[in-house]
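The same chain A turns up in both complexes below, where it pairs with chain B and then with chain C.
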Partner chain A sequence: MLTPLQDATVNLALVAGAIVVSLMVLVVLHASPPYIRRWVIVVVTFLAGLYVPLEFFIPRHNFLTVWRDPIGDLVRVLAGFTIGLGILNLLIVHGRHLLQRTTNFPFSLAFFVGFLSMTVVEFLHRYKPDLWAKKAGADQLPFWTAAHKVLFEGMLLPLTSTVFSLLAFFIVSAAYRAFRIRTLEAGLLMAAAIVVMLANVPVGTWLTSWLPTEGWLKWLRFENAALWLTTQINTPTMRSILFGAAVGGLGAALRIWLSLERSFAAGSQ
Partner chain B sequence: MEQLRQWLIGFQAIDRRIIYLCVAIAIALPFIVAVRLPVIPTLPVQKFYEAVEKVPKGKVVLIAADFDTGTEGENGPQVQAVLEHLMRSRTPFVILGTTIQGPELVQSYAERLARRYGYRYGRDFVNLGYLPGGQLALERFCRSVWQTKPTDYKQRPLTDLPLMRKVRTARDIGLVAEFTGSGVLPWYVQTFWAQFKVPLAQGCTGIIGPEQFPYLDTGQLSGLMVGLKGAAEYEALLKVQREGYRRMMPQSLGHIAALLLILLGNLGMWMARRQIRRAGI
Partner chain C sequence: MEHANWSTIYPWLVWFLTALIGLGILLASLGMPLHIRRLPAIDAIEEAVGRATEMGRPMLFVPGLAGVDVPTFQAIAIAGHIARLAARYRSRILLPVTDTVILTMAEQVLREAYAEGGAPEAFHPEDIRYLSGEQFAFASGVVGLMNRERVAANFFFGNFAAESLILAETGQALGAIQIAGTPSTLQIPFFIAACDFTVIGEEYYAVTAYLTREPILLGSVWGQDICRISLAALILAVTLSHKLLQKSPTVLKFLGL
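Moving on, here comes the complex of A and B:
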C-alpha cells in the first residue's frame, strides 16, 4: 500500500502537487465562514481519533491495517511541519524585536547570529564539508566539520549544560528555605530525603560501608535503605499517580476527540 | 551563650549568595583535591548490565538517544558506559533518537570508543539519526526499519551499510537501551515491548527516576540506570572509572553541602522557636 516511488522526477512532481493542493485547501479554509472551519476541524479530529482505536481493537490485519504505514508516515510529515512552524514563530518574534529595536533587541540579535551560523555550518558540514576551504588531509577534519565541532561540542554543549547545572544552585537555595521540620510529616520527608540523597552519592555508600552486607543490618546501609524506599514506598505511590494521570489523560483525549474542549475546537474561530 | 544563640538563629536566613558560594566551593573542590570513594552497583543497574550480557548472538542493540545537550551531564556517561560494554562484548548496535541532538551526541561517543575497540561504522554500528513522529513513528519503525528510515544520519542508503542487512524489524533487535531526560518510556513500552516483546532497559536523569521504577517492578524494564550514580555503578561493573565516576565526586560534595545547609536552616529555626517559647510570646 502506497510504496515509496524511486523516480526523483515523479517524486518532485508529487511534492509540488501536494504543496499546491495544500495551499488551495488553506485558501479555501481561510475564505470559509468560521462555523465551516470549525466543522472541518471537528470531523477531521473525530475520524483521526477513530482510526487508531478501531484498528487496534478489531482483530489484526483488518481492512484498516493497510492504512497504518501511510498514517505513520503522515504523522512524521506533520511532526516535520511542527519544526518548521517553530522556526517560523521564532523568526517572527525575534524579527519583530530586531526591527522595532525593543529592549530585548540584543537577545534577538544573539538568536539570529546563533541560528544562522548553526544552520549554515550544519548544512555545509553535512553536504559540502570542504566548500571554500582547502581539501582536508587524511588525518584532518574538513573545515566545515571542524566548524560544526566548535559550534556543537565547543559551544552548544557546554552552554546548555551550564544552564541546566544552574538548577543545582537554585534547588539548594530553595531546599534550604523550604525544608523546615515543623510537623511530623515534614520530619519523615526530611529523613527519607537524607537517606536518598546520601545513597545517591558515593559519600553515603562510604559512610555506612562498615555495616555488614548480609543479614538484617545490611538494610541500614544507605544504598539498601534508599533502594527499599524507592522500590517499596515510591513505586506503589508513583504507580497510583501514573494510573490516575492515565485515566485523566483518557478523559482529556475523549474530550478532544469529541471536540468538547472549547479551546481546542477554536471557540469563536 | 546568648551570642552563640543569636549566631545560630542567624542560620535560618542565610543570604542566597552565600548559599550559591557554598555550593560552588563544594562542587569545585573535587577538581582540586583528588577524592576517591567506593561505588557499589545496585540491583537495577546490575539488571541493566545482565540485560546487555543476555543479548542473543546475531541480534543488535538499539540505542535510543532521546536526550539532548541539556541532560548530557547525566545521560552522556550512561550511554558511554553501555557503549563500552557493547563494544567489549562485540555486540553490534544501531543508534536512533526521538530528539534531534541525541543521535549526534551518541555518534561522537561511539566514534571515540570505536577507535579503542576497533569498531567500524556500517559493519559494527549504524546511526539512523532523528526519527520524528513520536510513538506512531516508533511503531512503524518496529514493523519496518527500512521503510521508516531508508537512510542513515548522513543520508547514506541502508543498502550501503552491511549491518543493516540483518536489521529489518523489531524482531532483529535483542535489546532497546533508551536514554532520556523526559517521560518517553511509555512509547517504547507500548511498541517494542508490548507488541514485539523486545526487552527494554533505560538510563534516565535523576529527576525522572522515581517515575520509572514502576516499569522495573512490572518487568517491562529489564534494567534501570538512574542519574550519574547509575552511570558510575555501571562503570564499577565494567571495572573502569570514567566520566560517571569522575562526575560523582562533585555531586557527592554538592549533596553534602545541600544537606548541611538544610540542617543549619532547621537549627536556626529551632533556636528561634525556643527563644520565643522561653520569652512566653
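Moving on, here comes the complex of A and C:
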C-alpha cells in the first residue's frame, strides 16, 4: 500500500503537492476560530486513539493493518515538521541574548559556534568528506571525517560522560540526606541500606561468614538478609507501585483520548 | 506488531478495566459525590508558586525526558494548572523540553493557561525552550538554566531516567522548593531523597483530578481505584485456588499461567 513510485518526476511532484496541501491546512487551521481548532483536535485525537486499539484488538491481519505503516510515516512527517520549530526556538532564544548582549551572551555564542560547526561538519562528512581539502591517502581519514570524529568522539562523548559521572557525587549527597536518622522510617531505611551495602562488598560477607549456612540462623548472614530484603520487600513494593501506575496510565490515556483533560481540549478559552 | 490473543485473559481484562473507568466517569457525570484523599505534595504547589513570586524569581517545570506518551501528556496538563496559578501572580515558568512535538504542545497549553489566569501578557514564548534531544546535554542545559535564572521552585513531572538526580540535587543546592512526580519506579527513590515533596505511582495520574476537582476526572480516579481492587481480588483468587486450577489446563492457559 502506498509504495514509492519509481518515476523521480512524479515523486517530486507528489512531495511538492504534499507540502502545498500541508501548508494550506496549516494556514486554514491558523485562520480558523478557536472553537473550530478545538473540534479538529478533539476529532483527530479520538480517531487516532480509536485506530490503534482497534487494529490491535481485531485478531490477525485485518482491514486496518494495511494502514499501519502509512500512519506511522504520517506521524514521523508531522514530528519532522516540529524539528524545524525546535531549531527556530533555539535560534530565537540565543539570537536575542546575542543581539541584546545580555549577561549570558557568551553561552549563546557557544551555542551558535557549536550548532554551526556540528551542522557543517556532519553535512560535509556525510556528503563531501574531501571538500576543500587534500585527497586523503589509503591509510588516512578524509578531512571532514576526521573533523567529525574530533567533534563527536573527541568532544561530545567525553562531555556527555562527564555529566553522567557527576551522578556519582550527587548520589553521595542525596544518600547523606536520606540516611539522616530523624524518623522511624529513616532509621529503617538506614538499617536496610547498611545490610544491602555490606552484602555487596567482600568484607560484609566475611563479617557474618561464621554463621551457619543452614537453619534459621542463615538469615542473619548479610548476603541472605540482603537477598530477602531485595526480593521479598523491595520487589513487591516496586511492583505494587508499578501496578497502581499502570492502571492510572490506562485512566489517563482514556481521559486524553476522550479529550476530558481540559488542558488538551485546547478550548478552555 | 502482534494482535490480541482473545483466548487469553489479557484483552478481556483491558476492556473490563476500561469499562470500569468509563463507569466511574459516567457515574461522576451523573452527579455521584466523590472524595479524593489529601495529597500534600500537590497542596504544596501553590505554596511553591507563592514563594517564587515573593522572591521575584522564576519557576522551572521539567516535563521529563520522554516524547509523546501518556506520562508526558499528564505532565503538560499539570504544567497548565501551575501556569494558571502563576498567571494570578504574574510569575514566570521556564519549561525546557527534549522533544520538539512537546515544545509546540507545551507552548499552546501554557499560552492558554496564562490567558485563562487573566495575564496573557505574562506569558513569554521564549520561556518554553527546546534544549536538546540528548539525555545529558539536556540535563546540563537544565542545570545551567537553573543556575543562571536562580529559580525559586522546581517542578519535575514526567518520565525521568538517570538525569533525575542531577536535576534534583542542583535544585536542592540552590535552595529551591522542589516538587516531583513520576510513574518511573526507578527514579522515585532519587526524587524522595532530593525533593521536598514527591508524588508516586498512581498519585501521579490523579494530580489533575485533585487540582481541578472536576467530577469527570474524579470519576476516572474512582474507576481506577475500582480497577485496582478488582485486579487485587483476581490475583488473590487465582493464588488461593491455584491447587484447584492445576486440574484445569484450559483455565490455566486462559490465565496465561
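What to note about this one:
Keep in mind that, in the parts below, the second predicted complex is superposed on the first by the 212 of 269 C-alpha atoms of A that agree within 3 Å, B and C clash if a C-alpha of one lies under 4 Å from a C-alpha of the other, contacts with A are read in each partner's own complex, and residues count from 1 in each chain.
In this section, a contact is a pair of C-beta atoms (placed from the backbone, for glycine too) under 8 Å apart; a residue touches a chain by one contact, two chains touch by 3 or more.
What you see is a predicted model; the values in this text were computed from it and never measured.
Once chain A of one complex is fitted onto chain A of the other, the partner contacts of A:83 extend to both chain B and chain C. In the superposed model, A:71 lies in contact with chain B only, and not with chain C. Of the two partner chains placed by the overlay, only chain C lies in contact with A:251; chain B stays clear of it. When the two complexes are overlaid on their common chain A, residue A:164 makes contact with chain B and with chain C alike.
When both complexes are overlaid on chain A, the residue A:38 reaches neither chain B nor chain C. Touch criterion met: A:58 reaches chain C, while chain B stays clear of it.
In the superposition on chain A, A:175 makes contact with both chain B and chain C. Touch criterion met: A:238 reaches chain B and chain C at once. By the document's definition of touching, of the two partners only chain B reaches A:201; chain C does not. Annotation: chain A residues 68, 78-79, 83, 159-160, 163-164, 171, 173, 175, 177, 238, 242 touch chain B in one complex and chain C in the other. Of all residues in chain B, those touching chain A in their complex are 14, 16, 19-20, 23-24, 27, 37-40, 42-43, 68-73, 104-105, 108, 131-134, 136-137, 139-140, 143-144, 147-148, 150, 154-155, 206, 209-211, 213-214, 216-217, 227, 229, 232, 248-249, 251-259, 261-262, 265-266, 269. Residues of chain A that touch chain C in their complex: 55-62, 68, 78-79, 82-83, 85-87, 89-90, 92-93, 96, 104, 107, 159-160, 163-164, 166-167, 170-171, 173-175, 177-178, 238, 240-245, 247-256, 260-264, 266, 268-269.
Across the complex, chain A meets chain B through its residues 4, 68-69, 71-73, 75-76, 78-80, 83, 126, 152-153, 156-157, 159-161, 163-165, 168-169, 171-173, 175-177, 179-182, 190, 194, 197-198, 200-206, 209, 223, 227, 230-231, 234-235, 238-239, 242.
Listed in rising order, the residues of chain C touching chain A in the complex are 1, 3-6, 11, 14-15, 17-18, 21-22, 25, 70-71, 73-74, 76-77, 80-81, 100-101, 103-104, 108-109, 112-113, 115-116, 126, 128-130, 134-137, 139-140, 144, 148, 162, 165-166, 168-169, 172, 183, 185, 188-190, 192-194, 200-202, 204-206, 208, 212, 214, 216-217, 220-221, 223-224, 227-228, 231.
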